[in-house]
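Shared chain: chain A. Partners: chain B in the first complex, chain C in the second.
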Partner chain A sequence: MLRYIGKRLLIAIPTLILISIFVFSLQKLLPGDPALVMAGEERDPKVIEYIREKYRFNDPLPYQYFYWVNGVVHGDFGMSLRTNQPVLTLIEQKLPVTIQLALMSMILALLIGIPTGILSAVKKGTVVDYIANIVALSGLSIPNFWLGIMLILLVSVRLHWLPASGYVSPFVDPWRSFATMLMPSFVLGSAISSAFMRHTRSAMLSVLKSDYVRTARAKGLTETIVVLKHAFRNALIPIVTLGALIFGELLAGAVLTEQIFTIPGFGKLIVDAVFNRDYSVVQGMVLCTAVAFIVMNLVADVLYVVLNPRLRDTL
Partner chain B sequence: MTTMAAELHGVVEAPPSENRTWKKLRSNRSALFGFAIVFFFVAIAALAPVLPIPDPTATNWGLVRKAPSAAHWLGTDELGRDLLSRMVWGAQASLLAGVVSVFITVAIGVPIGLVAGYFGGWLDQIISRVTDALLATPFLILAIALAAFLGPSLTNAMLAIGLSAMPIFIRLTRGQVLAVKTEDYVEGARAIGLGHFRIIMRYILPNVFSPILVQSTLSIAVAIIAEASLSFLGLGQQPPAPSWGSMLNVAKDFLEQAPWMAMWPGIAIFLVVIGFNLLGDGLRDALDPRETE
Partner chain C sequence: MKLKSLAFALAISAALTGPALATDLRIGIGEDPDALDPDQSRTFVGEVIFAAMCDKLVNITPDLTIIPQLATDWNWSGDGTELTMDLRKGVTFQDGTPFNAQAVVDNIDRSQHLPESRRKSELTSVKSVEAAGEYQVKFNLSAPDATLLATLAARSGAMMSPTAFKKDGLDFANHPVCAGPFEFKSRVQQDRIVLQKYPGYWDADKIKVDTVTYLPIPDATVRLANLRSGDLDIIERVAPTDAQSVKDDPSLTYADAPGIGYQGLTININNGTGAGNPFAKSNLLRQAFSLSIDRDALNQVVFNGAYTPGNQPASPKSPWYDQDLPVPARDVAKAEALMKQAGVDRVDLQLTVPNNPQSMQLAQVIQSMVAESGFKLNIKATEFATMLAAQTAGDYQADLVGWSGYVDPDANLNPFVTCNGGINDSKYCDPALDKLMQAGRASTDPAARKKAYDAARVILDRDLPLIYLYHPTWIWAMGKKVTGFVPYPDGLIRLEGVSKS
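After this line comes the complex of A and B, so read on.
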């Protein structure tokens, strides 16, 4: 088991190096003198000089990369040129908000997606299955920022049920925090719950055909126990591998969701950074996202093995 | 998969035959429905210049934010522009963005995947690691970052989306090639002394084509949403030219006064995306050689 994790970690190293090269080269895409572009509208000579110095633009390319990576390895992802705060501090401030949003979306997605998937598989070919599939396909096809806009229109503007925007920390006012996050979580969770539903359905369909399910039925167990205890537990394995993919979906979805509901999280930070031409923040955030994604992939791989005892022996 | 005779004549039969694929696709009602939606929007986008609609960028201060009426079927926007006209021209931008970005992805990603899978070795190692690295960044975040650094424009948005979707195609193609490479007909082609290029073009590419076609269709759906997202964030189509995403961006500020402004673009994106998804799913079922009628 440890050897397996070790091997996976070793594979991650070249990937990380390549990502760092990629993120570093992003600034080379900027048209013209990068220092001038990064300095923004004012073109303060002092700022331009600072940027030149900071990114070593006067040195050869490999040196620039080396200095940049050296900083990153020591936790220096650069400074925001607009707020004068370290990028890492900014991310640390915003991340908890996005984590709350992501967790609530995930819970909603699981609560909706998995039972629907099970039901749809058990009732395969019936109206229930048909409707569940249509809803899932719609959930995957609807642009989630539009879903957000329509919900604001209906729930906030017309019905005045929930606030349209803003953020309240759960440590300040748990109930209001829940209320403000409910709509964004639903928006962000809708696509994921559709993915959950589709995967649960296909996993359940293949498991329901297996011998041990037939045996369990033959033993005279009730259908509920067969479905939930025998079939679902085994269908769970392929669903777990969705983990890393969903993490990406959540982060990317958070960008638009936070924008619509003006939630001051990770996604809003990246959009604001893009608008303010705060390129070092964009770079730092892409790098952080990629590292987090690799870690999530690793966790999903390990979980997959933990959940599937048959695989454990082959390692 | 391929008969001996066909192999000797250098003919590769795409599994399953075109006829059966077409028949299966035609009998698939949801795929046909998807095709009809896609066809409708493509027709509208193509006919945009000849349709009897006003100039999509012509402003009219007397007609600011008017609700749908007989004169303006879908209403007008915050500058008094006709929304039907903007929707039609926006269809052009959105579909173009979807198709062009997937074209970029396929044109670059598939050859790279073919080379990686066919030749293997250190080249494959390098390509695969780079692909892993690119896949480690969520698609939309990668596209946003690329679009931000390239500068906001529809062309750059297409480029950013195309490049961001590329690793998926590299990986898909490579995997398919690995599976096909050891087939007898490829061995046979090698045995009679055909060059690598001929083998790839005549024996490998036709046999890995189906999954790429399916993925391309589904990717157009993803690319259209991505373009709408980028334009929504102001990184795609620039005003005054319309695109569904940029129309939504403006509409969100007038939700109370002019809710219809936000409705049409969203419904259109939703329909087109569902169309491509249904078509892609249908193609997958029709092209799947395992599934028999």
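After this line comes the complex of A and C, so read on.
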């Protein structure tokens, strides 16, 4: 198992290098000059020239790339052109926020999505199934920004139950941190839970038709044990795949939700950095996100093996 | 179940409402500022923070008169090339460094010579600064420059602790030290900036809150919702479309001030590949275009009438506005006549606009208005950084672009229209105009300056390298607990006298 994980991590290195080259080149293809944006409204030519020199915008692209990689290898992700803060500090500030939001959304999504999925598969064709499907479809179709603003207006402005937006670290005030994150996690989680519900339902339906489930029932096991122990465990594989992908996406930041609830996470920072042509921030963040994706995929692969003993032989 | 959820909600709200900190003022700002260093800063919203953190040599009143702040008095030499300022005594920076003439000299030197300084172009007329006594400084100018006082009322005049910037260099932005009423406490990018009262402030009696927290909330609707829910005390830049609902809300207070900035079209007259079309060549066509726009209707349709229609860099409410050239009424017949005189009956023109909904809406209203006179406007929506690069390179025909505005009229016009102007992306050039702009800068007598700018206005109204559309109004909203807020036309939030009960 450990050898397997080690091998997977080694394979990840060329992937990361490819991603970083890709992001680096794509950024340079964008029209718009970072020096011009950074120079401010007055755009003093001397300042523009100075910025170009300082951040090596005048050097050939491969040079610029190697300067950057050399820094990253030595733990220096560069400085934000916009605020003069080290990119590493920014990542340190944003990562816990994004992880918290991703975890809470994911837990909410799983808590809602999987039970409704199972229920709707077991009660296929009944009123329960139809209602669950309609709710899931609405969850997928309602845009995040609309749901977010409506929730703020109802829960915060009218009922005063939860703070409208902002972020509090769980290490400072765990209760308030939970309260501020509840609405954004629900907005993000509701759409994801619908996806989980749909996938759980279809996976369960196909498993419930299989021979071993019939055998289990024939043995006289109770329906609960048949559904939860025999069927669900086997239906989990596609759900794990989906979950890992979605969690990776969540770690890349949720731009709209972050913007509406003013959560200082990854998404907003990357978007702002792209608009300001803050190259070093974009590169640092994308690299970080890429690592998150690779790790999540690895976690999914390991989970497959845990869930399905048959796969252990293939290692 | 129902009872449970109710209890849960009650528990949350009880935990959150608890005993409120009466003296923390929470301000919702429209975007996250860039570097918190008056020399490096380039965004408007950065100035909003500096207004609480960094006192300047001079300040302005709501009617844009220059008044003392860290300088108590000043005199111009007869020929206008020397400005002597007396400084306030007993002032200390927030790290205890005393404020004196040497500190001013060091500050101006940093603004002029720090390679990253964005203030250089504002201070080009300053040849040298010297300490004429412990509390007196003398600015020696290379040529008379009446705009200098207004410049020193903004970021160039913001005084930072020389001890701090000599030690920290560029890193000053991450823990700035100034001489204003509030000192820097902490910042988390895109989340909050916290300032706390500086006990040693020279005018401490006017400061009525203990801490100020600025929260960047980019969406105007969400900003307002946060104010309504009580999470914020003051918000800036309320959307003009929300102005009425704020006025109607008994739990909120509304405040506004006519802005000193403008929004308009910059026309490529002679800059690279984008020039050379009939619109660039013929001022008659540009006059026709300007006459085809109903500026009042534009303001009503896009901004619910909250802004001020305009045709000059100064708003009609400004003392610098030329009353002899009022905002023209829409006149399609005259526009058509001008086109005929120019020898065309149809003009194709590409207008580049930033890709936000409001700019798009504005462009579409203009598009339909000018179509009646025979202009076929092709709207090209572009992300802002790309638009800026194309504009500088001359790869545009007309751009919809605004200017946040300065107190002095020179700074709102000179860089755009003089032959060597720093932001003259039209590449419009008329030596006669340059001479008038020079005269406007050389005199310190407002009446003489106004005369020069009015004469320049006549030339610019004829040639129209820029077509002005409107002047934004600054709109603030605040909870009833907040009192003492005074709106300023520069859009900044000055906290002197502001209290929260």
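Everything below uses one rule, namely that the second predicted complex is superposed on the first by the 257 of 315 C-alpha atoms of A that agree within 3 Å, B and C clash if a C-alpha of one lies under 4 Å from a C-alpha of the other, contacts with A are read in each partner's own complex, and residues count from 1 in each chain.
Going forward, a contact is a pair of C-beta atoms (placed from the backbone, for glycine too) under 8 Å apart; a residue touches a chain by one contact, two chains touch by 3 or more.
Note that the coordinates shown come from a computational prediction; the quantities given were computed from them, not determined experimentally.
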With both complexes superposed on chain A, which partner does A:127 reach: first (chain B), second (chain C), both or neither? neither
For A:157, is the partner it touches chain B (first), chain C (second), both, or none of the two (neither)? both
Let me test your reading of the model: by the given contact rule, A:260 touches which partner, first (chain B), second (chain C), both or neither? both
Look at A:149 in the shared chain and tell me whether it touches chain B only, chain C only, both, or neither; answer first, second, both or neither. both
Go through the superposed model and pick first if A:31 touches only chain B, second if only chain C, both, or neither. both
State whether A:275 touches chain B only (first), chain C only (second), both chains, or neither. both
If we overlay the two complexes on their shared chain A, which of chain B and chain C does A:90 touch? Say first, second, both or neither. second
Which superposed partner A:286 touches (first chain B, second chain C, both, neither): first
Return the residues of chain A at which the contacts from chain B and from chain C coincide. 30-31, 149, 152-153, 157, 259-260, 275
Which residues of chain C touch chain A in their complex? 9, 12-13, 15-17, 32, 34-37, 40-43, 115-118, 120-122, 170-171, 173-174, 188-192, 215-219, 221-222, 225-226, 228-231, 383-386, 388-390, 392, 403-404, 415, 422-423
Chain B partner, complex, touching residues on chain A are 14-16, 18-19, 22, 26-27, 29-31, 137-138, 140-143, 145-146, 149-150, 152-153, 157, 248-249, 251-253, 255-256, 259-260, 270-271, 274-275, 279, 282-283, 285-286, 289-290, 293-294, 297
Residue positions on chain B within touch of chain A in the complex are 129-130, 132-134, 136-142, 144-146, 148-151, 221, 225, 228-229, 232-235, 248, 251-252, 255-256, 259, 262-263, 265-266, 269-270, 273-274, 277-278
The residues of chain A that touch chain C in their complex are 30-34, 36-47, 50-51, 54, 82-85, 90, 93, 149, 152-153, 156-157, 159-167, 175-176, 179, 259-262, 264, 268-269, 272, 275-277
